[in-house]
Structure formats: structure tokens, C-alpha cells
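Both of the next two complexes hold chain A, though its partner changes from chain B to chain C.
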Partner chain A sequence: MILRFDHVNYVYDADGGQPVHALSDIDLTIGEGEFIGLIGHTGSGKSTLIQHADGLLKPVSGRILADGEDIWEEKFDRKALRARVGLVFQYPEHQLFEEDILSDVCYGPMNLGCSAEEARERAVSALRQVGIGEDLFGQSPFDLSGGQKRRTAIAGVLAMQPEILILDEPTAGLDPRGRDEILALARTLHEERNITVVLVSHSMEDIARFAKRLLVLGDGRLVFDGPTGEVFSHRAELEEMGLEIPRPQRLLEALKEHGFPEIGTGAYTAEEAARLILRELEKR
Partner chain B sequence: MIKDITLGQYYPAESVIHRLDPRVKLVVTLLFIISLFVVDNIPGYALAFLFLAFWCGLSRVPLRFMLRGMRTIFFLLLMTVVFNLFLTPGTPLVSFWKLTITREGLRIALLMAVRLVFLIVGSSVMTFTTTPNHLTDALEALMRPLKRLGAPVHEIAMMMSIALRFIPILMEETDKIMKAQMARGADFESGGLIRRARSLVPLLVPLFISAFRRANDLALAMEARCYHGGEGRTRMIPLTYHARDRIAYGLLLLYLILAVVIGRDIFGLAAAIGGLPV
Partner chain C sequence: MEGKIHRMIAQARDVAYHYIRRDEEGRVVRDTAALSSVSFDIERGEFIAILGHNGSGKSTLAKHLNGLLTPGEGAVLIEGMDTRDGEQIWNIRRIAGMVFQNPDNQIIGQIVEEDVAFGPENLGVPPQEIAERVQEALARVGMTEKRRFSPNKLSGGQKQRVSIAGVLAMRPKILILDEPTAMLDPEGRREVLEAVHSLNRRERITVILITHDMEEAVDADRIYVMDGGRIALTGTPREVFAQAEQLAAIGLTVPMAVAVAGLLRQEGLAVEGTPLTQEELVEAICRAADKITGDIK
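Take a look at the complex of A and B:
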């Protein structure tokens, strides 16, 4: 599915005391099979933006088009949209409520009108994808570890079989191992199932490793939209917005300033940076 | 939807009323409410109106904010008026079908409506101009005499301020969970009563869990900072009366005397002047 934001504006508390312009003239297209990183400072409008993508907030002006259809048209089925655009909120484990894991994951498909049998099938396959073993299916979601809870919650969205998966800070509060599991899951879903992934993150390293295209929000405006490497080359502008470029790239730039004037700086993952450093060392 | 409830919301502004000691505001509000039930004639209400207008005007809270709170009690108001209008026995004024409006009914209905509106506006001035923390400080100070009787005054005040503090947090949380479940295809709006009640389970269970989690965290944080109740606890900003507070008490006293004299018509003035409407 192609999701298009057509000059979208959103204002919080439009009729109240102090209106806040949360989104200003957002114009972008999320194409099929993309892996997009979304970054921005706290309060830059990231959450507002992704809630628009799922039809949870209605733009004050502008349109959101799903395959060319305006999602706020009267006849448009937003419930079906929410199945096609899977939105995983921050700390999704806080929305678990059922007595056992399997029923919780069934909640989404059941809401879509699946039969109990089909919902169960989808739930089992979603849980398998996130790596939750069958021995845990009957357990209470509240007895799981933090990482398991989060994966269960993500399975709850995957069971709806979305075409676009939006993950809002999916690694917040997890230990390094839990973080790697979640990111590996996002990559697998993207590569093997060709799901479009939008990853919202504070971690430039994570974004740099996975996202091919990068969106940068600042004060509700789309400041950058382009290939990850190109966006990270705007170091000064990003730092002015309180965002840092990935650490490997910072290391390379520091090396360039301090005795390695020849070194390339166009690498933003640790592996690529290591390769560039090795190449430079071999020259000597 | 949830944001419409302005009753009990602080409105930041620079005004004399904002600076008044919260104890004064609490006493003024309480006695003003009592005065509304003491007066029972039109000059008395006119006096109450003057006092209220003065009180509101000084607070610098926009009128539309105060009236927004009225929306929530509109139905209560309507019911009161309708019941009093039709169900009070007395001299018939208008009558159609099985319903009769009496002179007494009209009077009571109008006075009741005015009384309710004044009551809500009067007390919302207090909540608009006083932060919840100040309010509970004032409550604690005013309830201190009850401590002698063994009432856990400090604990009650602390519980109240925590409860008040948690209202916006839990509302935000509700909104978040609601959206998260809607993203999973939940539908909170359609279906019959039972279906709708059932659809709340995925909202309420996470909400309760989150409330308990927050309460637990808060208790730990308080204990980590050696909180042990009210005994021997001093205040960062102790409550002290200033000149403006004394003036406010003076004006309140004046109003109360006038309210009793005029509103109850103690000296029979109305009759003397020659039958002002009573």
C-alpha cells in the first residue's frame, strides 16, 4: 500500500487556550517495501505523525491518501486501514490485557471479524515470527519478561497482517539483547515478507543500521527526507536541532581532523567505518 | 471529549485572587455557597450576583472558561428547573395538557437555577485560581483542629493532592491505551450496551495495571526520600496571611452581614418600601 501525506497540518487544542501547531504542511509518500527511519527531538511531532498514518487523528487541513483514497472520506473504512497499517505504540506491552498470551494476540484479528479458528491461526504464526515459543501460549502476559512482553504486543499487531508496520521507539527500556531481537525482527519482516517498516527511534545507530530512507522532523516540519547517508551528511543542521549523527561517522570525522585527512566519512555503521579505517591504515 | 471538563482546572494568570492565601479562597467559597442557601429573595440574589461578579472580575479568568464548566452540569440544571417548574403546588399560572406551571413553581425554579449557576461559578473561581497543591495545603490548615480528635488530617490532605495530581495523568493514559487498542481494531463506539461495556475491558485492565504500577513507583520514590507522614514536617512555603487576605476577610464579613440582613429581610425593609417582589 502507498500512503501519502498531502500537505497535512495538525493543531492540538485547536479551540482551547494555547493551540500547539504539532504538524505543519507535512508532505511525503511512504512507498511499498521501504524501510524508513523517523527521527526528531521530543515534541517534534513524531507521535502525532504516525497516529495520522493510522487514522487515529484527523488532520486539521490536508489529506492522507491510502492508495489514492482519502482516509477521512465518509465511506472510507478506517478499521480496515488500521489492519493494513500496523501501529505499534511506545511501550506496547502496556496494552496487554487478556488472561493468556494467545487470546491477547487474537484480539486484533477477532476485531477484524476473523473466525476464532482463523484468529488463532494468525496469532500462532505471529507469535512464532516474534519468537515466542508454544510453551508460553497459555501463560499470563503479565508473567513474562520485559522483552517477551514487548514481542507479544508486537505479535498482537502482526496478527492483523499489516502491509505497513510502524514501530514507535520499539527498543525503549529494553536491555541490549532485547533491543537486538526487536531490530532483527523488524529486518526479517522487511526482508522476508516485504513489509514496509517505519522505525521511530532516538538511536541514530539503530536507524543508520537499518533505514534506507530517513525522515527528520523538527517543530512539526519535515526538515529532511532522503537517503540515510545523505541526511546524515547535514551534520551541522542536525546538531542544531539537538540530533546527533551516528557515532561511527563522528569517529571518522574526528579522525579526519586529527591526522587522517584522506579518510572517507560517508559511513554510518560500525562495520563500514571499520572498513574505511582499515583501508586508511593499510595505506600507511 | 475528555478535555471539555474544565471544572477543577487551574488557569494560570496574574491576579489578586490568584495571589490570595488559599485558606481565604476556601473560606470565601464555602461561606459564599452557604450564603446562597440563606438568602431567599431577589435583592439578596442581586447582592450575591454583585459579590460574584466582583470575585470573578478580579480573578481575570475569561468568562467563557467559567461557562465551559457549565456544560457538564447543564442536564442537572435542566432537570432541576423542569421538576420545580411543574411539580410545585400553588397558584396556577399557565396550564396545558396535564401540566401546570404555578407562580410558586416558576419562582422556585428560577431561584434554584440561579443558585446552581452561582454555586458552580463561585466554586470554579477557586479551582481556576488555586493550584491543587495550594488547595490541599489550605484544607490541611483548616482541618488542623480535627487532629485533636485523632483524624489523620495530613494523610487525608496528601491523599487528596495525589489523587488530584493523578487525574490528568490517568486521562492521558486512557487516551493512549484507547488509541493503542483502536490501532488493533477496537471499536468503542458502536454496538449495544453489553457489547460496549465488554469493549471497555481491553481499556480498563491496562488502565488499572498502569495505575497500580504508578502508585507503586510513587510510594517507592516517596519512601526513598524519607517520607514518613506529617509528624514534624515543615513546609517549604508556609502559609502566611498578608494585608490583602485580611481585606478579603473583611469584605467577606461585610457581604455576609448584608446577605443576612437583605436576603432574609430581617428589618422588613421590603415590606416597608412597599412590596418589593419577594
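Take a look at the complex of A and C:
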């Protein structure tokens, strides 16, 4: 699915005393099979933006188009849209509620009108994708580790078979291993299933490693939209907005100022940074 | 004991704690050891970071330090007071204040000032003194300007600093922070860490910071690494992060500077020591590069 934001504006508390312009003239297209990062300071409009993507919020003006169709037209099936655009909220494990894991993941497809049998098939497949083994299917979600709980919650969204998966801070509160598992899962879904992924994160390092395109929101406006490396070259503007550039890139820029004027700075992992440093030293 | 000054502000002696689940008849259906033979001595004014994967026992340990949990075996002493002593529990909670991950769950007041006043009000502090304490606590975290704001108009970092002010208004000697930056954007993270470091440096408040972010542990005086309910590693950040393999084995990483230095060394570059920060690493690389140039000459 191609999802287009056509000059979208959104105002909280439009009728009340203190209207807050949460989104201003957002114009962008999420193409099929993209892996997009979304960053911005707290209150920049990220959550408001993603809630527009599956019709949880309605623009005050402008349109949201799913494959060219206005999702707020009367005949448009927004219930189906919410399955096609899978939204994984922050701390999704807080919404696990069924007695066992399999029933919890079946809930979404059942709600969509799938037969019990089909719901079960979808749930099993989704749990497999997130790496939850069959030995755990009968367990209570509350007996799982933090990383497992979060993966189970993501499976609940995958069981709806979305075409676009939006992950809001999916690694917050997880340890390094749990974080890597979730990010590897996002990459696999993108590469092997061709699911469009939108990753919202405060970790510039995670964004840099995974997203090919980067959107930057600041006070409700889309300030940058471009290839990740290109956007991260705007260091001063990003820092002005309370954001950062990834640590490995910061290191290389510091080296550039300390006697390595020729060194490349496009590195997002320790491995890439080390490679660029060695390449520079070989010249000596 | 009265009036005696303890150099050790927090001590644990062979602490064990089990989470026990029972069925309706009271039979034990599960018994999980969350802490096993944990012992430590934390000095007044130290900045301690506690690292460990999810489920390693970090938060259980933190909850022992202000008596939210009490040891199944062994003892935890806060300024010499045993956390199992019911008569001391309120003194202990006043001395050891806790800040959690999600500021939205901790802020209850409609206005910043009211929220910060909540703690001392509960302690029965006289109104005049409450006003003083609130003013002082907000100044200490740099939030005086926002004192009349509604908390929901604040950024994540500002909210978390209000949570810290709420604890400071109780005049604690130990500040325990359980992943206080996990939900914050980069600026919020920096604001909170600066506030905490400044309290530690300027006022010698003992800080115990639980975190998943290795970079946040770099500036600590000492690190405890938890694994399976035990203290697996301890030492200065430089000592602990020099043990990259042991950390990897228990699912943790090292700060970026340490990782890059390790990779450069593997390729034969003579990067010395364990550079913890970007600045230290840049220096070490420059020295290594000078050596290469010198060798060629």
C-alpha cells in the first residue's frame, strides 16, 4: 500500500481555550517496501502523525490517501485499514491480557472476522515470525521475559497481516539483547516479507543502522525528509532541535577536526567507524 | 548507634530474595531466585551504576534499598538501619528516594509546585517549610521557571526532573533512579543526567543509577553488573568495560569508544588502555597514529 499525507494539519483542543497545532502541513508519501525512520523531540508530533496513518485521528485539514483513496471518505473501510497499517504502540506488552499467549495473538484476527481456525493459523505463523516457540504458546503472557512479552505483542499486530508496520519506540526499556532481537525482527519482516516499516525512535544509532530514509519532525513540521545519511549530515540543525547525530559519526567528525581532515564520516556502527579509521591510517 | 556517622551509607550482607507464587490453596507453584548472596558497601557520595539484562535482578535490588522489598535472607542497612525494622521504614524511605522510568506515572499534581510538595506534605512538614523545600528542590534541578506550569505542558526530560525534585523535597541522602532516561529523547536524557551528576558532585548525594545504556555508566565511580540475581562484575567503569567478552556473554555491550578501540586493536593498531569516551578515544587514536608516522621516519 502507498500511504500519502496530503498537506495534513492537526490541532489538539481545536474547540477549547488553548489549541495546539500538533501537525502543520505534513506532505509525504510512504512507498511500498520502504524502511523509514521517524525522529523528533518529545511533543514534536510523532505520535500524532502515526495515529493519522491508520485513521485513529482525523486531520483538521488535508487528506490521508491509501492507494489514492481518501480514508475519510464515507465509503472507505477504515476497519480494514487498521489491519493493513499495523501500529505497535509504546510498551505494547501492557496491552497483553489473555490467559495464554496463543489466545492473545488470536484476538486481532478474530476481531477482524476470521474463523477460529484461520485466526489460529495466523497467530501461530505470527508467533513463529517473532521467534516465540510453540512450547510457550500455552503460557501466560505475564510469565515471559520483557523482550518476549514485547515480541508477543508485536505478533498480535502481525497476525492482522499488515502491509505497513509502524513501531513506536519498540526498544524502550529493553536490554541490549532484547533491543537487537526486536530490530532484527523489523529487518527480517522488511527484507523477507517486503513489509513497509516505519521505526519511531529516540536512538539515533538504531535509526541510522536500519532506516534508509529518515523523517524529522520539529514542532509539528516535517523539517527533513531524505536518505538517512543525507539527513544526518545536518548536524547543527538537528542539535538545535534537541536531537543528535549517531555516536560513530560524532567520533569520526571529532577525528576530522583532530588531524584527520580526509577521514570519511558516514558510519553508523562501531565496525564501520573502525573500518574508516583504519583506511585513513593506511594512507600514512 | 544514635548520632553515629556511617561512612557506608548503604550495605548489603548476603542478600537473597525469592519471588514465590502460590496457587489458591497456598502451595508454592513457582519459586524464582531474584537475588542470591548479594553483598556490597556503598560509600556516602558515591555514584554507582547498576547494569544487567532484563530480569537480572537490578530492579529487585533497587527496591531493597528503600525497603519496598525486604530480604528473604541476609540484611540491607541504610545508614546502619535495617530495612526489616518496621519502626525505621519511614526514615529509610526518606533517606533513600526513588525515581522510576515513566514520569507520567509519578506526577500527580496539577501544577509543578503542587506535585513537588506532595512528598513533604505526606511527611507532615509544616507549610512554611514545605514552600522552602519546594523552591529549593526545583532550583536544584533547574525547573524554577516552570514552577507554575501544568506537568502535561512539559517535555519528557522536564517531567523527569520534576519527579526528581519531588524526591529531593524529602531531603534524601540517596537517590535511586531506575532507568530514568529510557523514555526520553536525546535532549531529555542529557538534561536528566546533568541534573543527577550535579546533585552528586555539588551536594554529594549518593546516586544509584540503574540503566541499560552503557554510555550512561561511563561517568559512574563504580559499576555493579548483575546477572542471574548475583553481582557478576564490579569495579570502576574502566575495569568493568575492559571485560568486553564477559559482558557480551551475559548479553551486555560496551560503550562505543571501547568497542571501536577493541576493533582497532584486533587489526593491529596500538590503541592503548580502555578509552571510555569519544575524547579519550580520539586522543588514543592520535597517539597510535603518531607512532606509525614516527616508525616510518
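One rule holds in what follows: the second predicted complex is superposed on the first by the 283 of 284 C-alpha atoms of A that agree within 3 Å, B and C clash if a C-alpha of one lies under 4 Å from a C-alpha of the other, contacts with A are read in each partner's own complex, and residues count from 1 in each chain.
The rule is short, and it goes like this: a contact is a pair of C-beta atoms (placed from the backbone, for glycine too) under 8 Å apart; a residue touches a chain by one contact, two chains touch by 3 or more.
Since this is a predicted model, take the numbers as computed values, not measurements.
Q: In the superposition on chain A, see if there is space for chain B and chain C together, and answer fit or clash.
A: Aligned through their shared chain, the two binders clash on chain A.
Q: In the overlaid three-chain picture, which partner chain does A:41 touch, first (chain B) or second (chain C), both, or neither?
A: Second partner only.
Q: May I ask you to decide whether A:178 touches chain B, chain C, both, or neither, giving the answer as first, second, both or neither?
A: Second partner only, chain C.
Q: Between chain B and chain C, whom does A:112 touch in the aligned arrangement: first, second, both, or neither?
A: first
Q: Of the partners chain B and chain C, which touch A:147 in the superposed model: first, second, both, neither?
A: second
Q: Please work out whether A:72 is in contact with chain B alone, chain C alone, both, or neither, and reply first, second, both or neither.
A: So A:72 meets neither chain B nor chain C here.
Q: Decide which partner touches more residues of chain A, taking chain B and chain C as the two options.
A: C
Q: Tell me which partner A:95 touches in the superposition: chain B (first), chain C (second), both or neither.
A: The first partner, chain B, only.
Q: Along chain C, where are the residues that touch chain A in the complex?
A: For chain C paired with chain A, touching residues are 52-56, 101, 155-157, 179, 182-189, 212, 214-215, 251-253, 256-257, 259-260, 263-264, 267, 269, 278-279, 281-282, 285-286, 288-289, 292-293, 296.
Q: Mind listing the chain A positions that touch chain B in their complex?
A: 13, 16-17, 51, 54, 56, 79, 82-83, 86-87, 89, 92, 94-97, 107-108, 111-112, 142, 156-157, 160
Q: Quick check: in the complex, which residue numbers of chain B touch chain A?
A: Spelled out, the residues of chain B in touch with chain A are 3, 11, 65, 176-177, 179-187, 201-202, 205-206, 209-210.
Q: What does chain A use to touch chain C in their complex?
A: Against chain C, chain A makes touches at 40-43, 90, 145-147, 169, 172-179, 202, 204, 242-244, 247-248, 250-251, 254-255, 258-260, 270-271, 273-274, 277-278, 281, 284.
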